[in-house]
Amino acid sequence: MFVSNDVSTTGTMQERHIVQPRDAQHPIVLSTEELHVFYGKKEAIYEGDLQFARNQITALIGPSGSGKSTYLRSLNRMNDRIATVTGRIMYRGVDINQPDIDVYEMRRRVGMVFQRPNPFAKSIYDNIAFALRLRGTTDKHELDEIVETSLKQAALWNQVKDDLNKSALALSGGQAQRLCIARAIAVKPDILLLDEPASALDPVSTSQLEDTLLELKKQYTIIIVTHNMQQAGRISEYTAFFNQGRVLEYDTTSHIFTNPQVQITSDYVSGNFG
Amino acid sequence: MKTTQQLEKQLKRHSKAAKLEIWGKVVSFSALLLIVAVVVGIIGFVASKGIATFTSNHVNLWDFLTEKKWNPGITDANGKPEVGALPMIVGSFLITILSAIVATPFAIGTAVFMNEISPNKGAKILQPVTELLVGIPSVVYGFIGLSVVVPATRAIFGGSGFGVLSGTCVLFVMILPTVTSMSVDALRSVPRYYREASLALGATQWQTIYKVVLRAATPGLMTAVVFGMARAFGEALAVQMVIGNAALMPGSLVDPAATLTSVLTTGIGNTVMGSLQNNALWSLALVLLLMSLVFNLIIRLIGRKGRLQ
Amino acid sequence: MNSKTQNKIAIGTLYGVAGLVVLILLALLGYILVSGLPQLSWHFLTAPAKAFLKGGGVGVQLYNSFYLLILAMLISFPIALGAAIYLYEYARDNWVTTTIRTAIEILSSLPSVVVGLFGFLFFVVKLRLGFSILSGAFALTFFNLPLLTRSIEDSLRTIDLSQREGGLALGLSRWETITRVILPAAVPSILTGVILSAGRVFGEAAALIYTAGQSAPALDFTDWNPFNISSPLNPMRPAETLAVHIWKINSEGIMPDAKAISSGSSAVLVLAILIFNFAARYLGKRLYKRLTSA
């Protein structure tokens, strides 16, 4: 499973290959610098510094246990009470990993969708509206409008528009996940983090979800963890390959899939891994 | 770069959510502290009152624990007050141990039946009945003891019918549902594959139950029994109604006797605060409290040992 | 003896043991209901007690039981809820938490007579509340707190971690997530726990005999001014409950029909517990369905 260094140095292969995005039309909105994540004494992320381009989809791939979720959850500090995260997380020029950052305000800008759909035990409408109400949007018309546009953006509106008052727990897996996306974008975030959002879905729902993400890219910067390489290939502009807590390769998706520079990446994307 | 500064300011503003978070933590922690304060208060108060017998009334602790005459109002030939708590201590332990000895086989047997032999009937009949009986108030047990058990004892053994035997019977029935339902939990936590592995090796069902299931569930079963004992030891009214309340060393199981709780419930209202008679009762309460701590400790030790295995 | 025979004997014995236990338990229930139900009548449930004569009722005691129950639940629920929230949602796994948990466990294992005696010492004597509803309600609160806290904590545990993460990811504080997402979802199971604990409180006597007292002054059910001494709402009056009543008339025995009254009262207590049990299950299921169905 483990490919030792001397194998990779015998060929033209490199040990680590990182190319950060450089595209004037899609400037960097989020990046990590010298990020280290520890679970207790165990270091789960090191050498994991990436930059993310605005209005693009970046895919994080790699074998399971390589640290993709750990990295992603550090970006909006969902790991705060679980892990120790050192280093800087630069969001539009501000280090959001400082202790005096208001994480609640920050998470409204950096939203997250999880692996397992987690709709709340509320009506479909309230799933989306209640966080808005808590932050002072009480006007009924305004709420109705946000609920509708969010559901439309998440490609769920047509299916649920007559059932907005029904319990969200009665939705199917694919619908529930899209509700979670609608819920996340209703608070108008800037960046959307998704951790294997399609892993619990059937192929049809998955492909619908991918279409939705491609649509959402126009408004949001999207970072998605996926174990499905075809999916990364279909939707992302950039891909980072994680292995054992490090990013071994980061480049445009087409480079990663057609011309990987690191032996392990090559093995992984060609399916020869493990 | 102005926008960066603006953003930083926005992100460092103390938001409503952050304020609510502090508020929530403070409120919920205060509630928790209140409970802790109650515990400390109870132990502190009872201990300070209970110690007064020895500190301000100068009763010898050893005499208190070993003397057999309980008559705090009276002084003996040497001018010492008669505060020998041994009869009550013995009474409490006696009914606790006896009722546990009787209840344990019944409770564990029933639990095994419910969980291993006939889970269907267990779930349909026994489970609801035990759950319901766990909730029956102890005065009801006391009343039934008084109107059924005491007359029966009187008819069979003569005498008044009040005594350790009646107390044991009442406590046996009272702790039976509790011990049973906790034993069921203990058996349930034994993984299914233990049984399958044993049966696959050709063991009979009884061998599997006896050698594998009961052995694996031992810590949980012990916890259940100790829990039942703690309940029996601390039970006041049901026991007080049937034991006869004579602060004497029980000569036989059918003689009237007394327990710590029974003397407490009958005595506290009839003594004057601060008097020796009253302090001596608080000392009994202190013994009761300490014993409940000991039971707690035993349950903890069993739990820890169970986890280490 | 070969193992097959041994197996048969053992299993047969277990059948016997279980049957015997069912018999004992059913006989117990049967006795209570058969001897008690015939006593029940509107008069019995509403009339005041008579000390030396036949034919009294338990109206005042029954009312006192409910009044104390409601007061005790009103005091203990918010405290238990707060404590459970802190323990499950906020507390970290360290020695402080362990110590606090131990303290709560100790409280739950204290004999209720000890809790009652403390209530007597502190509320009745020290705070000069006398034998009163208020003293009784506090004693019942102490008795109820540890188990209610644990039951609410268990209810919180049934709500998946992903629900909490969902709230946090929307930029909600943990407090908002708990109060707006977790608690509503946990209501069915919290309610079940609350009703079951209400059953325990309803039947408790040892904690009350020296706090709420052993006498039940007549009440004037037309006077709802809580400051009047005969008002049912007055929290400063002594209030013997149904459970205490059973104990009292059986230990003093000056009532000619003590046995009949006790039978009736026991049946009322057991029926109340039965109703609490069924209500808990039914309401819990019902609410859960409402929460999750389309």
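Read from first to last, the chains carry the letters A, B and C; within each, the first residue is number 1.
In the analysis below, a contact is a pair of C-beta atoms (placed from the backbone, for glycine too) under 8 Å apart; a residue touches a chain by one contact, two chains touch by 3 or more.
Because the structure is a prediction, the values reported are computed rather than measured.
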Query: Is the way these chains touch best called a line, a ring, a star, complete, or other?
result: complete
- prompt: Two chains share more C-beta contact pairs than any other pair here; which two are they?
  reply: B-C
Task: Find me the chain with the mean Cα position closest to the mean of all the protein Cα atoms on display.
output: C
Task: Could you please state the distance in Å, as a whole number, between where the Cα atoms of chain A are centred and where those of chain B are centred?
output: 53
Distance from the mean Cα position of chain C to that of chain B, given in whole angstrom: 17
- request: Let me have the rounded angstrom distance from the C-alpha centre of chain A over to the C-alpha centre of chain C, please.
  value: 49
- line: Residues of chain B that touch at least two other chains are 17-18, 21
Field: Residue list for chain C, restricted to those that touch at least two other chains
entry: 171-173, 176
Message: Among all residues of chain A, which ones touch two or more of the remaining chains?
response: 104-106, 135
Message: Could you list, by residue number, the parts of chain C that touch chain B in their complex?
response: 3-4, 6-7, 10-11, 13-15, 17-18, 20-22, 24-26, 28-29, 31-32, 35, 78-83, 85-87, 89-90, 100, 103-107, 109-115, 117-118, 120-122, 125, 142, 145-146, 149, 171-176, 178-179, 196, 199-200, 202-206, 209-210, 243-244, 246-247, 250-251, 259, 262-263, 266, 269-270, 273-274, 276-277
Field: Residues of chain A touching chain B in the complex
entry: 91-94, 96, 100-102, 104-106, 135
Field: Of chain B, residues touching chain A in the complex
entry: 1, 3-4, 7-8, 10-18, 21
Task: Going by the contact rule at the top, pick out the chain A residues touching chain C in the complex.
output: 76, 78, 104-108, 111-114, 116, 118-122, 130-131, 134-135, 163, 166-167, 169-170, 180, 183-184, 187
Task: Sort out for me which residues of chain C touch chain A in the complex.
output: 160, 162-163, 165-173, 176, 180-181, 184-185, 291-294
